[in-house]
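A short write-up of the structure that comes next.
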Amino acid sequence: MTTTEAAQLLDRFRDGKIPRAKVLHAFQAAPVADLGFAQVDTHRALRKNFPEVIFGAGKTPEQVVKIAAKLLEHGQQVLVTRITADHARALRKKFKRTVHHTLARCVTIEKKTLPKRAGFIAVVCAGTSDLPVAEEAAVTVEVMGNRVERIHDIGVAGLHRMLARMETIQEANVIIAVAGMEGALPSVVAGLVSKPVIAVPTSVGYGASFGGVAALLAMLNSCASGVTVVNIDNGFGAGYAASQINSLATDKHR
Amino acid sequence: MTTTEAAQLLDRFRDGKIPRAKVLHAFQAAPVADLGFAQVDTHRALRKNFPEVIFGAGKTPEQVVKIAAKLLEHGQQVLVTRITADHARALRKKFKRTVHHTLARCVTIEKKTLPKRAGFIAVVCAGTSDLPVAEEAAVTVEVMGNRVERIHDIGVAGLHRMLARMETIQEANVIIAVAGMEGALPSVVAGLVSKPVIAVPTSVGYGASFGGVAALLAMLNSCASGVTVVNIDNGFGAGYAASQINSLATDKHR
Amino acid sequence: MTTTEAAQLLDRFRDGKIPRAKVLHAFQAAPVADLGFAQVDTHRALRKNFPEVIFGAGKTPEQVVKIAAKLLEHGQQVLVTRITADHARALRKKFKRTVHHTLARCVTIEKKTLPKRAGFIAVVCAGTSDLPVAEEAAVTVEVMGNRVERIHDIGVAGLHRMLARMETIQEANVIIAVAGMEGALPSVVAGLVSKPVIAVPTSVGYGASFGGVAALLAMLNSCASGVTVVNIDNGFGAGYAASQINSLATDKHR
Amino acid sequence: MTTTEAAQLLDRFRDGKIPRAKVLHAFQAAPVADLGFAQVDTHRALRKNFPEVIFGAGKTPEQVVKIAAKLLEHGQQVLVTRITADHARALRKKFKRTVHHTLARCVTIEKKTLPKRAGFIAVVCAGTSDLPVAEEAAVTVEVMGNRVERIHDIGVAGLHRMLARMETIQEANVIIAVAGMEGALPSVVAGLVSKPVIAVPTSVGYGASFGGVAALLAMLNSCASGVTVVNIDNGFGAGYAASQINSLATDKHR
Amino acid sequence: MTTTEAAQLLDRFRDGKIPRAKVLHAFQAAPVADLGFAQVDTHRALRKNFPEVIFGAGKTPEQVVKIAAKLLEHGQQVLVTRITADHARALRKKFKRTVHHTLARCVTIEKKTLPKRAGFIAVVCAGTSDLPVAEEAAVTVEVMGNRVERIHDIGVAGLHRMLARMETIQEANVIIAVAGMEGALPSVVAGLVSKPVIAVPTSVGYGASFGGVAALLAMLNSCASGVTVVNIDNGFGAGYAASQINSLATDKHR
Amino acid sequence: MTTTEAAQLLDRFRDGKIPRAKVLHAFQAAPVADLGFAQVDTHRALRKNFPEVIFGAGKTPEQVVKIAAKLLEHGQQVLVTRITADHARALRKKFKRTVHHTLARCVTIEKKTLPKRAGFIAVVCAGTSDLPVAEEAAVTVEVMGNRVERIHDIGVAGLHRMLARMETIQEANVIIAVAGMEGALPSVVAGLVSKPVIAVPTSVGYGASFGGVAALLAMLNSCASGVTVVNIDNGFGAGYAASQINSLATDKHR
Amino acid sequence: MTTTEAAQLLDRFRDGKIPRAKVLHAFQAAPVADLGFAQVDTHRALRKNFPEVIFGAGKTPEQVVKIAAKLLEHGQQVLVTRITADHARALRKKFKRTVHHTLARCVTIEKKTLPKRAGFIAVVCAGTSDLPVAEEAAVTVEVMGNRVERIHDIGVAGLHRMLARMETIQEANVIIAVAGMEGALPSVVAGLVSKPVIAVPTSVGYGASFGGVAALLAMLNSCASGVTVVNIDNGFGAGYAASQINSLATDKHR
Amino acid sequence: MTTTEAAQLLDRFRDGKIPRAKVLHAFQAAPVADLGFAQVDTHRALRKNFPEVIFGAGKTPEQVVKIAAKLLEHGQQVLVTRITADHARALRKKFKRTVHHTLARCVTIEKKTLPKRAGFIAVVCAGTSDLPVAEEAAVTVEVMGNRVERIHDIGVAGLHRMLARMETIQEANVIIAVAGMEGALPSVVAGLVSKPVIAVPTSVGYGASFGGVAALLAMLNSCASGVTVVNIDNGFGAGYAASQINSLATDKHR
């Protein structure tokens, strides 16, 4: 029931065309979700410059193309994560603006690139094997309208590499720190900056890394304040949260 | 080696009083940490309106009093977390501005309350048993110069309670969502807001809650974007990160 | 906004005392929860012969007495689970109908005992150490208006004991099977009956029972169809679900 | 030995055609299992409109065809779960009534479709990746003689979608709630209905979802009463238990 | 229903005193358990020289005394495991033959000591902290009519101590090997003997011993053939199984 | 140093041909292992009618053939476990007595079948998927000179099937009980027999069976006395231990 | 059999007082352990300046005093770890050289302090709560004859503190790095030194630190080469291994 | 800024060509990492005879060739671990000194073999399946300039095999003990030697070995002093640490 429909209902009631019980029933019977929608719509309007995101894993290329088409119809940016080469091919065939971020295993289709916010997000990562996850975060961050600084291969075993890039890191509004194995990078970085650090454990490692559990636990137990954590390999999730924070930092708001 | 000392060193070199090798050695031998200190100091200056925090658990009341005294000497706010009644008593005896936040198991000693930032942080929690952790987050948020809205007992089993408070939650700059048991609250909240949600699993529950592991896993696996997670029962950590984000949103910066 | 208030609002609108915009606003602004309440109320009305349940653990005797008082004011049955002797004492002092189920660690306060449904629920348990959990289930079942058959100490190591009681078990509408250690009882029972079996793992055991995890896993992996599982030691949860099912079986409905 | 055979035996004894010892021997020598069979038969008779179910995984197509043939000989419905395309092909080749439920990875072969019970079972699921498990539950429910409502893609991150379908959900006799990742759906649903909710965790997710463990734990720790849980991905088990409950609700019984 | 009763039943049927339906009903209604009892009784007769065992943990002294009294009435040996000083006191007060095995945390009450079997069982243990569990095994073994050799403190870190006792170990019919920490003793022993080795992990250790899990896993993964394992700290279980095996080795049987 | 060599050494010392220090040195320097060998040899002689066993997994067909050839040279029985079709082919090509036990994934090569012991070992298993592990146990038992009774598909969900075979099970000297999923079979069996039960958990199952962990824990926590456990899927280990026990029961010994 | 006894035996044989068979028997029958002892003695002689260590936990004060007395009789250093105040009191009462290292929860009793080796071992630790474990390592290191440098509170969250002490750390022969929580310290240190780093996880932390498991996993997965790990809280084990290494570095050897 | 550049800077300052502020700025602005580099360089100089190591897993052959080429340009030894046949082929094609250690899954490219240190490292392993990990350790040890003794297949189930080689083991400066399954070898070895033992758990085993976790836990809980542990299958890590220790033992140092 839209606002217009509700107004008509009330008018018909005032005009005596329908009994009061019917009006009451209409409002009561109105599924919460409809009113809920209004509310949800409001807040979706607030964030509508954020692209809807398609999780590619476990979807067929056809399904992904179909969902992407629907989003593009509504004039939205498209970000597809966790794709295979097949997904990329199918999307490229259909939509010419398709950009395939090979390393990040993502596709973006932007009708018109979003204007970039002032300030930037740093995506730092410990080792070269962490790059796919770091890139998923970076691509997410960019497609959502943020500038990004990629700082790679600064694992804690070679501290000088990290310290050499610290100035840049300290200038970022948000830092996404990606690491597998012992997952120490976010703790060391967070000890040196005053901005929020979003830690992303990766499944990089073997033996007692248990597919990223060792890094995850290290990050949850960080002795440095200001670290929050996302799921193992969840570059997208970190990028999304970082963009929300950077938006708070740079967009106009109360 | 301070900047003054370095200048003197150079002058003596120029004056021929010391050989070049000695200057080079002085700079090379200079412990990285001293130069590091400079850098660290700079960024600590940037955040010096943030109180240093004392983790009370496992420290004697005497130790806590001693550290607090040192912080107060330097004119800093004091926040002590995870305290016992004994800690509180010892601090109150020594420092008259001591405020004991019983439920939060914290003490704050503020020389002068920080001016509060515009915008606020919402601390929502699922059940009454989650209150101590939620209060630790709320007290942290407040002592760091933020306004806070406490919204309690809105667990997902009674959805209407949460929906009734949604408007307030949506107005917050950051939401801290605290829950034990199945830990679903942050996911449901994050689906309805466009701001960052920091999820705090609590150790509330029994049996297969495994001291908060069930809630932790649920939060790490949230199907809603924009959720980041801290350690089980880590109300302070969530409050600290939320304050960093709110500071980005409201303080003057690039 | 109650139905009565809504009706008055509409009448005043029809009478021209308030503008349409105000009515629309009232309904739209109405917190979703209020309409939600209506819906929730409806379904709570459907189940209003079910007592609200107070989880005693972690609440002070005063808190429990207060909540119980509020429930009794509204004419509801009271069930308090996981209580200590102190809770029981405080409740008995205040409410004379208080019944303390020592073994079940529960208190019930019934203004008027609910009429019992036709059909019964069997609560079977493996060992004497499982009795407190079994009794929590049985007391829950009874206070919610069901007849219960308690069948104790029929662990699978002495199969004849279980077989001797099988006829009774087969007559029940629902079976709650409580077991610790290897948790085999629900599988064996479910193989012999055509009714739903709700399995309750208990934390009874030592070593590699891991506080009930062994029994929980056994029950989740039951080779017998028709077994569903609740949390470790969650006698109340099993009793609640069993009562819902027995209500379906015996109450009038479509 | 069927009841008829036993009656004939007794008649021949009364008629003097066989000695008493032979009768006694027949009953005594009858392995417990035979007498057990009688008992089991009785209760199997009670449930004989339930199809025997073949777990396809790990069986060869030949084995599955053979077991199915035997069941069909006895006039029973056939449900084969966890099948591959090979199983389906082999069954279709042999039995023309074979229906291959591709998404559910099941085959059903029904001589004569069972009359459907009054009342229905709702199968709700959180995401599109949970569909195969949800469909396994739905197909099980249908082949066992129940009507089913499928309600898909109502994950808690988009609460309005779930609320929009709540009315239907509330009308169901039993709800099967299927979810991976954080597994919050059953808790939210159970908070809004008065009927039993059977929760099915799925292995959908990555990283710290640990193949469905995160969802499983969330469901076991649900803060909403009336939730019982089955094994990860066990759509069949949920469907079977739901059918047992719906049968109690709708079939004639004491 | 005994054979005699069944015969009478049949005679009365033949004589026309009771209808066929009644006979059929009697046989069908005969609880499986009754026939089962016969079977169970038989095998209990076979093992009636084995004492019934009372698990003391979680039982009150009164309960234990009561069960012990019942067993003694039937002329059986009594073994109570996992007792406290209170249990021991209560039993000693009531039964004068009570023997309190302090280290083993057991009480035995033997009317008449069983004659000891030829052959013996070796109970070997790694460290002095493993002694309570080893003694529980040894006391069990003795009360069940076996001779026992106790060989203590022969952990693998001092291999010579174990080798020095190897001759005795090799002469045993069964070896119970008790160890905490890394749990290597059973593997080393089993490599040097041709008799069955029953491994008992103990909860002795700290940190990553996880209450005996490290030892348990080591024993389950033993590279030496002939090792079987019981639960952590389950000295009684090992003693019971060892006695069963020694009984096979030494009692008269086919 | 053999006994003969030692004697010669002593003689040369007595004859004054070598100094005392040299004799002492010879004995001291003698690697413990040599004396150890003597001891080990003795006990290997005691068990030399037991075949050496080759674990095929992870070995090439060539390696397996080579080890088998060496064993056959020494006149020993050969048992190869965990083989592939390739292993079997390679062995059959080389040794004509090769028997490939397809289901058990084993090969045996017996020069001369061992005479079978009196008494037999029962191998019972819960489901048809557990057969490969049960067969590995059965083939091991047979090749080591024991008679075996295979009793399949008697899972606890259909208790009558197990009870029907109980008489045979009770006659066995040792019972090997193989089960996956909830692993209840050994507990139920052990409650009905007086002989040792060796429980073998299998990796059969899905979801929260965690590759056999659920069954393993159930077996370790068995409420029935007399159950010992081997590693998941370790049919060979169970067969080996069972044969050791049956040998004690039937071979001549003190 | 000591060397002296063996010599006497040989002399008596040479003198014809005993037959050769008796000598051979003596050596052969000599428990392997006796000869083993010789060997073990040899290598214990090599390390005899290392004190025997008494693990105090779980031993009574009397037991500890007794073992200490025996060690002192043999002129050895005494180190008792994991003691309570009671242990310390009992030891001090008996032995006046007793030194109670309160923080380290150790007692040492040194007849004569060992001369210290050249070179030193650095014991670095992350936080003040890790001190007891670090001190256990330091005291162990000292009592075994090594010089130690204690470097405390240099956790990775304040990198400058660690870098300030790096020069000292780099000069050590071995570094023991002690840390709880996220356990990152050993990785960062090992990246900056060329000497072996022994990592000691502590149980310091809460929530998902799981009693030190998070730190343990981080250390096992260190991205820096040269890190080896000991059990959680095992300061003694780290000190012992470090002393072995420092002994290799500084003692005379091939 | 290299030392040369710094010297030039100072000279220009002394010559009055640049102001003091500029010099100060140059040193201050110099990224910490540059000064850090100096320090790091110093310690890398100390260890520059150690080859840089390339972890092959997850890198393409091209990437590996490229990194190897860069290392060779700088005159360094090359060690590539965890390679596939493709890596080996690509390296061999490019660099003729390439040596492919098939079993160890490593490639080494040595311009000039390092002179071997006095003293040796023993690499002992339990079973033939542990060989690849043991070989990775051995190859690492050798390429870093150490002599190695390989001692294979001395698992604790055949103790005599280990004792037979003990003399050699005792002569080593460091022992690397590699074992899967129950992981007992390092404990037994460490009980017999006075040198450091580095334990390497392997993922060899099945069922409850959990990919090496059982062995890992056994090693962390070793009852023998002097054992430190590396990650599962981390032969390289053990070899690296062993070489560091052997270098301490044999190279000239304070």
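The chains carry the letters A, B, C, D, E, F, G and H, assigned in the order they are written, with residues numbered from 1 in each.
Throughout what follows, contacts are C-beta pairs under 8 Å (C-beta built on N, C-alpha and C of every residue); 3 or more make two chains touch, one makes a residue touch a chain.
Only a predicted model underlies this, so the values are computations on that prediction, with no experimental measurement involved.
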### Query
Looking at chain E with chain G, do both copies bring the same residues to the contact (over half shared) or different ones?
different
### Task
Report, in whole Å, the distance between the mean C-alpha point of chain D and the mean C-alpha point of chain F.
40
### Summary
Among all residues of chain C, those touching at least two other chains are 32, 36, 39-40, 158-159, 166, 192, 207-209, 213, 216, 220-221, 225, 231-232
### Query
If you go through all the chains, which pairs of them touch?
A-B, A-C, A-D, A-G, A-H, B-C, B-D, B-G, B-H, C-D, C-E, C-F, D-E, D-F, E-F, E-G, E-H, F-G, F-H, G-H
### Message
List the residues on chain C that touch chain D in their complex, please.
### Response
39-40, 43-44, 46-47, 50, 53, 118-119, 166, 170, 173-174, 192-196, 198, 216, 220-221, 225-232, 236-238, 240-241, 244-246, 248-249, 253-254
#### Entry: Touching residues (chain side chain E, partner chain H) in the complex
126-127, 155-159, 181-184, 187-188, 190-192, 205, 207-210, 213-215, 217-225
### Message
Taking the touch rule as given, give the residues of chain H at its contact with chain F in the complex, in rising order.
### Response
128-129, 158-167, 204, 206-209
#### Entry: Contact set on chain A toward chain D in their complex
31-34, 36-37, 39-40, 57-59, 201, 203, 211-213, 216, 231-234
### Query
Residues of chain G touching chain F in their complex?
3, 6-7, 10-11, 13-14, 20, 23-24, 27-28, 32, 35-36, 38-39
